[in-house]
Amino acid sequence: MSQRILVINPNSLQAVTDGISSALDGFRFAGGPDIQCETLHSGPPGIETQTHVDGITEKLVEWFDQVPDRKRADAVVVACFSDPGVTALRESLPMPVFGIGEASYLAAVPRAERFGVIAILSRSIPRHRRTQRSLGLDHRLAGELAIDLGVAELASEEIVWKRMSGVGRRLREECGAGVLILGCAGMARYRGRLEDLLGIPVIDPTQAAVGMAMAVLLARRSAGATARAAA
Amino acid sequence: MSQRILVINPNSLQAVTDGISSALDGFRFAGGPDIQCETLHSGPPGIETQTHVDGITEKLVEWFDQVPDRKRADAVVVACFSDPGVTALRESLPMPVFGIGEASYLAAVPRAERFGVIAILSRSIPRHRRTQRSLGLDHRLAGELAIDLGVAELASEEIVWKRMSGVGRRLREECGAGVLILGCAGMARYRGRLEDLLGIPVIDPTQAAVGMAMAVLLARRSAGATARAAA
Amino acid sequence: MSQRILVINPNSLQAVTDGISSALDGFRFAGGPDIQCETLHSGPPGIETQTHVDGITEKLVEWFDQVPDRKRADAVVVACFSDPGVTALRESLPMPVFGIGEASYLAAVPRAERFGVIAILSRSIPRHRRTQRSLGLDHRLAGELAIDLGVAELASEEIVWKRMSGVGRRLREECGAGVLILGCAGMARYRGRLEDLLGIPVIDPTQAAVGMAMAVLLARRSAGATARAAA
Amino acid sequence: MSQRILVINPNSLQAVTDGISSALDGFRFAGGPDIQCETLHSGPPGIETQTHVDGITEKLVEWFDQVPDRKRADAVVVACFSDPGVTALRESLPMPVFGIGEASYLAAVPRAERFGVIAILSRSIPRHRRTQRSLGLDHRLAGELAIDLGVAELASEEIVWKRMSGVGRRLREECGAGVLILGCAGMARYRGRLEDLLGIPVIDPTQAAVGMAMAVLLARRSAGATARAAA
Amino acid sequence: MSQRILVINPNSLQAVTDGISSALDGFRFAGGPDIQCETLHSGPPGIETQTHVDGITEKLVEWFDQVPDRKRADAVVVACFSDPGVTALRESLPMPVFGIGEASYLAAVPRAERFGVIAILSRSIPRHRRTQRSLGLDHRLAGELAIDLGVAELASEEIVWKRMSGVGRRLREECGAGVLILGCAGMARYRGRLEDLLGIPVIDPTQAAVGMAMAVLLARRSAGATARAAA
Amino acid sequence: MSQRILVINPNSLQAVTDGISSALDGFRFAGGPDIQCETLHSGPPGIETQTHVDGITEKLVEWFDQVPDRKRADAVVVACFSDPGVTALRESLPMPVFGIGEASYLAAVPRAERFGVIAILSRSIPRHRRTQRSLGLDHRLAGELAIDLGVAELASEEIVWKRMSGVGRRLREECGAGVLILGCAGMARYRGRLEDLLGIPVIDPTQAAVGMAMAVLLARRSAGATARAAA
């Protein structure tokens, strides 16, 4: 029977979920784990404050309680860079749970000595810093800078790209970042382009987390086979 | 054109490479990245000292120089828990390079608050501790214990299992480990069995590193598609 | 006009709030800040999981929105050792906000080189460890032990005392703790008794946080006077 | 019988003691702990070097030996930002002892992610850094800057204010401090004014330490009552 | 003109100074730096409390002021494991100043992954821990144990040896220490014997500090020669 | 019988070895340890990459195997700032082994609160940072800057001096370094001159390591004498 990775976008915007799902196309294979992207319709349209972050936990737990099949997923990815509900879901669900913020910091370690983070909003930076410190990886932070665009401007790919490429350049040149992390689930479309422009790796957090989830599931396939052989 | 992950077993034993390759079966898909496992025939039969670890670097660099096609791999995994040559290859090769020791510490973070490590030999523990400390993840180490078996005994699956399950139990119960790491590339066959016995996740380091490599390659497929769309 | 410290018990049990209020009697003076203890009736009866912790945030924010006068308090104390909603309230309220877990770790520093924590439940210990690590004070932790009693047993003062005094003794003697922290808002009644028995300071977390809140308010009185003089 | 907090100004200037005492007015209540401010007449007129700092210890110990009543205080606060004699007094006196440097770093933690320090002299900064590092709170330091004024200039409130407000602004804007600490016992008069100007909390160290001392004493009143009830 | 290292025993016992001087015999060469061991006669007979430690600073500073020739030494070593006055002397004297506690922790790093410390008294251990933490080397501490002997027993070489060898064995076997530090200036005579017994390096702190001082002086001889050649 | 310190220059340039030996003149005494400087002729002409660093290990081990007398040295110093082979030699040789990078970081600690490093090449800085972090001394790094000169320019003492003195000045003034480390075995000739110019200590790494080696050997002379007396 097929394995399944459940990716939950905890904000209520279906368009964001669609973007995330499209950014995961490369992770889909015939016979591979099913990667199912869902929207938490009860979530807020944007996750900008710690109140939003904390408030998502119960909604996520309820969401899993509503449809029993959701609890049968083999791995769960919470697709918001602030990792809302991740610790709580780890306590309450039986399968591995990944937060895309945590996953991207971990994924950055093998890629360069120090990482830079591109945030959407400056006021999120202290929140990100708490996660970096709690992981014990703050000593590898080169710097974090925000593009600080409003909703209207975020709709313009040209404006976003201009700001993002400028911020990325500063992180590489002034801060000494050897790898960049996109500090938001909705920036995947710029990943490859930014990597090409700057010549250093750029990490999309959802891709990083789904990669970690796949590693666990695929290991089980191998392990399963081996376990049977050993029996 | 197909993507390729090159997994190099830096000890000279083809049987170990075969075991590694078999443990990666679950990572192979039609249309997925090719996972090619190779033996560094110039390597030592076992990697037990820091001299062995350091000595492998030049042999690995030469190995890549010998056959130009090897340098065209999309990602490289060095399949020894002491991560020989990993930093050097990162400096000299153009593609991402993963060490299985580093990768397994990183993979352990989302699975539990604190990890335990099962080493083959007690004298490797200080070497592992240097890596843990250098990553900044030593604060999450619950403990590390060795099975300390000689070559003859390592050949007996029954003896290894008995020792490994005992050591794993102590790490879980006495040290408080919430996830275990197999501290050697050659123990993958026990992963699933140990996980089933102890009820906590068990990480095979090569699977962890190949998982991280796949995440990078699969992200590129998505990114590639998106980049084209954006162009 | 009088200053006011608003202490919120985020679980729904009025009896717990009453106990907290009684433990704060010593902090009440004629002419001093008013210390008002309230119950979050929408909260859970007990706060035992990360889901409970996160879920309280929105309820707290709403609670402040419901009655405008609450937002006019001069300082807020959230009286649960897991510090639910504290970071979020700091972002959304204008006055200083104190969490009793954080406050008690800080209050322990001047009292001894290393602190011990008495938890109610073993499963809370990883949650507490995250806070200790995030504060950068984990290097001063001597140890944390739980009394692990069920609801029925917690009702018996004799049983609680026996277990608590035993755990306290072990923290002092085996772990080397020089000060103890009661890891729950509901254990204040045992503070003095335990301090007398063991001969080392014992910290009640709510008292620690209210003490920090008072320090801020009383400083303002002084400062106000001085500012006027300087004008 | 009344509780008493003994605040010792370890430099010999009575005017400084008077300023400290005046800054503590807000902490005085009918029926509250007596806050007694004393001058260490044997101390140096200023505490500017590590020799001064260390040299105060014996003088403080002797000062307590000279008048038995001093040892009957319920809490002691040493009112110099370099915390002279604090560790020694903790070893030799029975009551809690607070250093105003340590207390202000601890008091800053709940107020913002990162703190800034305003020093009098640049050459004190390495000494302060040692305390910050030893506490494990250096990761929360945004920056420390000195006003670097000579004795004559320090007498002019206008000059001090101009320099202090400039330095405070730089700490907030360039260093990212979310809370400021006045790095000297003699700057309390500027606390409220600076807080009003900059819109972020400003901590006077003596007020922070007296606040921590009061918290311990007031807890005892509550605890005392409870203990009696329990007996 | 000859270089000179001034070693000051800050306790008043000439016998201790003589023992220190004798332990430095190996560091004396014809034409080498003069190693002059002096007693701080104004010091206490033993340095057991933080009050003793702090109280020595002014006496040391005065001692240098009394005889101008002392300030012409090329390097100063303060021969007490608690490093009394070291920071203050660094501020007030022109030549390099070494503390034997700090020096021995530094000297231990190249000798093994983790060090053990043999203290005279248990109550000194928190004081030592502060130094280890402040240096950032606490992560390499395997453990610290005291021999806890009274003055009378310390006079018996047999009793001391029995206790010291027992404690050393426990540090090696139970704590995993790969190198031992003698946590007192007066234990040099046991260094070689303990090293022979346990088969791991044993560091005498005064020898470690004098070694660091010599390195600075001898470098200057070389540098002097080279500088002249370059001129 | 005479003690001997074996200093190995792991690059193949005899001129570098000669410079090192000359910089150690000050460490040579009649009756003192013999300081023997040798060239690893099988080494690369320069050590600029991690591949070079790792590749030296086996060559060093072989070098010791080739001539039995080499293994009878009393201490070994590997004279390259990247400490090639140091950990491996510690495992395989019976005598103490010192790396000049590690030794110079340790030697810098007693000289100032924070150290600066002058590197030859910018690309070595991440390698140095790994060592600093692994030692736990990264919190004392003020900054590291490179002179970044090519081979031809390195031959001109005037050009090197100009660049080095500029970089040193920036480390002192902009980064706040209180002591400088020359990040290469071949810069000893500038040590004294730079120290004179900047007025802060400058450490030559080989001198630092030979100093630590001498301390161990000279301690043994003292200890030997004492041990005999005690027998």
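When the chains are written out, they are named A, B, C, D, E and F in that same order, and each has its own residue count from 1.
The criterion applied here is as follows: a contact is a pair of C-beta atoms (placed from the backbone, for glycine too) under 8 Å apart; a residue touches a chain by one contact, two chains touch by 3 or more.
Quick caveat, the model's predicted, so the values are computed rather than measured.
S.K.: Between subunit B and subunit F, two touching copies, which fits better, same or different residues at the interface, with half of the numbers shared as the threshold?
M.R.: The interface of subunit B with subunit F is built from mostly shared positions.
S.K.: Give the label of the chain whose average Cα location is farthest from that of subunit D.
M.R.: Farthest from subunit D by mean C-alpha position: B.
S.K.: Which integer distance in Å separates the CA centroid of subunit C from that of subunit D?
M.R.: That gives a centre separation of 24 Å.
S.K.: Round to the nearest whole Å and give the separation of the Cα centres of subunit B and subunit D.
M.R.: So the centroids are 53 Å from each other.
S.K.: What whole-Å value do you get for the distance between subunit B and subunit E if each is reduced to the mean of its CA atoms?
M.R.: 44
S.K.: So which stretches of subunit A touch two or more other chains?
M.R.: 130, 133, 136, 139
S.K.: Of all possible chain pairs, which ones touch?
M.R.: Chain pairs that touch: A-B, A-C, A-D, A-F, B-C, B-E, B-F, C-D, C-E, D-E, D-F, E-F.
S.K.: Which residues of subunit F touch subunit B in their complex?
M.R.: 49-51, 53-58, 61, 84-85, 87-88, 90-92, 130, 133-134, 136
S.K.: Enumerate the contact residues on subunit D facing subunit C in the complex.
M.R.: Against subunit C, the touching part of subunit D is residues 22-27, 29-32, 96-99, 102-103, 106-107, 109-111, 135-137, 139-140, 157, 188-189, 191-193, 195-196, 201, 203-204, 207-208, 210-212, 214-227, 229-230.
S.K.: Using the touch rule from the top, collect the residues of subunit A that touch subunit D in their complex.
M.R.: 126, 129-130, 133, 138
S.K.: Can you tell me which positions in subunit B touch subunit C when the two form their complex?
M.R.: Per the stated touch rule, the residues are 113, 139.
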